[in-house]
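Take a look at these structures.
Note that chain A is present in both complexes that follow, paired respectively with chain B and with chain C.
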Partner chain A sequence: MSQEISILLLVDIDAAIDDNSLESNVYMIDNLRTEGSINECSGNLVTAVNGTHWQDGTQAGEIIINWLISTISCLPPALPRNYHSHRSKMIENNTLHNIHHLHSKQDIETVEDIKSRYQSIMEEKGHSAHVIDARGEATNTGLVVMDVYGDPYHPGESKQSDLSHQQPVITNITGEAVDLGVIFPVQLGTPVVLKDGWYWCATADSGKTGTYKYTIHITLFKLKYANGIASWEPVKMTWDSQLKVTSEPKRNGFTKGAMSFLPFK
Partner chain B sequence: MKNRTISIIVIVDVVGALASGSLKDNIYFIDNNRKRGSEKEGTGELKTKVEMGDHLIWNILPLEPEAFSQLVDIVIDPEYVEKRILTFKDSDITGWVGEVRKSPDILPYQLVLKLGNEHQEFITPDSAFIIGG
Partner chain C sequence: MQNQINIIVFVDTIGALSSQSLDKFTYAVDNSEFNSTGQGTASLSTICQPGQVIQWIICAIDLQTPAAINNIRFLPVNPESELFEEPDEQQYVNENPDLDVWKGIVPATMIPGVPYRYVFEVVIGEGKNSLLSIQTLSLIRN
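And now, the complex of A and B:
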């Protein structure tokens, strides 16, 4: 049987960063519960890779495995992909509008009033997020740090649980299954919203039956404030999972018999 | 001071639900509150631990990203949780949020979902809970 397997990873980022581990903080789920995958929506998922072969033993169907990753605490995945960027621009426009009309406010009488009101406007707009690169340098993304409601996130005022986390990313897939040539992972581009432009995918050799471990390399992002700058600092972690590869002779899905013409009259 | 927000992700196997005609075994709940007492994470029987004043926000995540899924209602006792639709600013996307008005011992609730190209309506088995204490 040809298969397209989707494996979804959900990470509780606050808990993972607190524990410095993904243990009990990652949930994996695939679309093959009824086809033999076990331990769905837990950290111990074993994904069924059900292959088929022709009479001469060669692989009969293509198997594709896709990995997606997301976090529990974030803006809804149903929002358009450019929402964060669009909303950040709207917040910035609103800030500029408020500054521009600052002098027309009726309660503004003194310079101190202006200073106070200006400070309040700047606090309302929240912080623009920076990312820390491999050299440890911070680059401004222009994206406002938001809460799960799409409003600017204010540390100290908002609770940590309100924070809309930066989506985690998969950076590599390695391990036994890759070393033994059971799966051949690559990173590909995609327009699908949840995948945020990129996703990891692999083809599988179902001739190599057995249970194989593989390691998913994941980067989480921890929000840090220093000198008035908000930065997403990468935190690298790994998680092991398993694939159970089986193979059975190719058969007719309608007749359950050998491959031949369908029994149409 | 804002109250604490607990995010609840609802993963739906849309194809599984459409094939079997039921959400049973095709829905999984996870929240970000395990460390503060939520139980049965990653199952259809999640027990989310809450305190009075907490906010809850539900997000639907289809297992197949291309499949249509929408949360259209939450059936929950308003004496304990006041639900409302939230429209995300600068968008026309809506979500469901709830405010815990009274901490229950244990309170079951159900989600009403529309799934698939024909927007078929499903209701979750009466098995996800809010717990207090």
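And now, the complex of A and C:
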């Protein structure tokens, strides 16, 4: 049945960065399992692109393919877009509140107690994440590095698997299917939360039947700590997938052949 | 006289699937020059003439939920006998409804002024709950 094709990529970022490869660490799922796609939820997905054509050979239906990417370990993607910044602000306000009321704590007796308590408060608030730009310079995002529960992430104390990763992004789609004009990919803006403001989509030429490879360019973000600064360092990887394009001729619904008179009873 | 009349049937697919009924979630319009009645409702009566081509097109209001015409079956027009009998149990006509173009020519044998009701079957996705139909649409010869 004609519908927009959605291809979801789930990336195990910890494993991919450890292996320096997406091999065995990416899971691709599309919404056309019943329409002929194979190897669902594996790295070897072959997406069925089922086209139709008129008798003169021209394409009869429009085909839209959307790619979405997400990581397995992250804050729930259905949360409001401003959740992370809102939560970071709450943590900051909580830290300021604790510092403000430091002197009223009953167990504070000496200056050393104050220093110790202050140190503890500053450690509890976690780290604000930086991003590394193209020149290698770190910019503070103001967003606290969090675990998947929305609490500050503490390296060495929190479980590595609890880290809420920065969402990976698709930066390009290239390869055989693009070079041969089978798909025409483009990046578009969207308000949909899961897509984080941007997503890649393509139209397809179902007149070019066959199986075609294409390459998805993906940037992952690796968390690094250096000199007390937490930063997300981009790691660029690629992954190959395939599209199987078919096309069948249109026909009359009543006769399954040529048009005729309406079948009144 | 126009050669072809298009009947566009808009379906609120989420609403129809949720309620398992097309009744309140179908909006049919046509471009007949003969003042069809029930425009924008599930009770559209399209006024036509013999020789004209009628084409049915379905549009899902939710663009990402697919809907296709599974079948269009005309009911008997004799009100004394079979008109109010239940039509045959609906079933999948084919595996790929995307291939079907639902159009046909109005025959000269059509009786003027008599509504030719038809069962409009819609398939939304797959499975036993995917087939829905309405019987309130009709053609009437001018």
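We take it that the second predicted complex is superposed on the first by the 248 of 265 C-alpha atoms of A that agree within 3 Å, B and C clash if a C-alpha of one lies under 4 Å from a C-alpha of the other, contacts with A are read in each partner's own complex, and residues count from 1 in each chain.
In the analysis below, a residue touches a chain if its C-beta (ideal position, glycine included) is under 8 Å from a C-beta of that chain, and two chains touch if they have at least 3 such contacts.
Quick caveat, the model's predicted, so the values are computed rather than measured.
S.K.: Just to be sure I read the superposition right, which of the two partners does A:86 touch: chain B = first, chain C = second, or both, or neither?
M.R.: In the superposition, A:86 contacts chain B only.
S.K.: Classify the contacts of A:229 with the two partner chains as first (chain B alone), second (chain C alone), both, or neither.
M.R.: neither
S.K.: Who does A:10 touch here: chain B (first), chain C (second), both, or neither?
M.R.: first
S.K.: Specify the partner with more touching residues on chain A, choosing between chain B and chain C.
M.R.: Ranking chain B and chain C by residues of chain A touched puts B first.
S.K.: In the superposed arrangement, which partner chain does A:18 touch: chain B (first), chain C (second), both, or neither?
M.R.: first
S.K.: Mind working out whether A:186 is in touch with chain B, chain C, both or neither, as first, second, both or neither?
M.R.: The answer is neither, since A:186 touches no partner chain.
S.K.: Once chain A of both complexes is superposed, is A:34 in touch with chain B (first), chain C (second), both, or neither?
M.R.: both
S.K.: Both chain B and chain C touch chain A; at which residues?
M.R.: Shared contact residues on chain A: 6, 34.
S.K.: Considering only the defined contacts, which chain C positions touch chain A in the complex?
M.R.: Within the complex, chain C contacts chain A at residues 53-54, 63-69, 71-72, 74-77, 82, 93-94, 96-107, 109-110, 116, 123, 125-126, 139.
S.K.: Can you list the residues on chain A that touch chain C in the complex?
M.R.: Listed in rising order, the residues are 1-4, 6, 34, 50, 52, 61, 248-254, 256, 259-265.
S.K.: For the complex, which residues does chain B have touching chain A?
M.R.: 1-7, 9, 11, 13, 15-16, 25, 28, 30-35, 41-43, 57, 59-61, 63-66, 86, 88-91, 93, 95, 97
S.K.: Over in the complex, which chain A residues touch chain B? Could you list them?
M.R.: Those in contact with chain B are residues 6, 8, 10, 12, 14-15, 18, 24-25, 27, 29-31, 33-34, 40-42, 68, 70, 72-80, 83, 86-87, 90, 147-151, 157-159, 161-162, 192-195.
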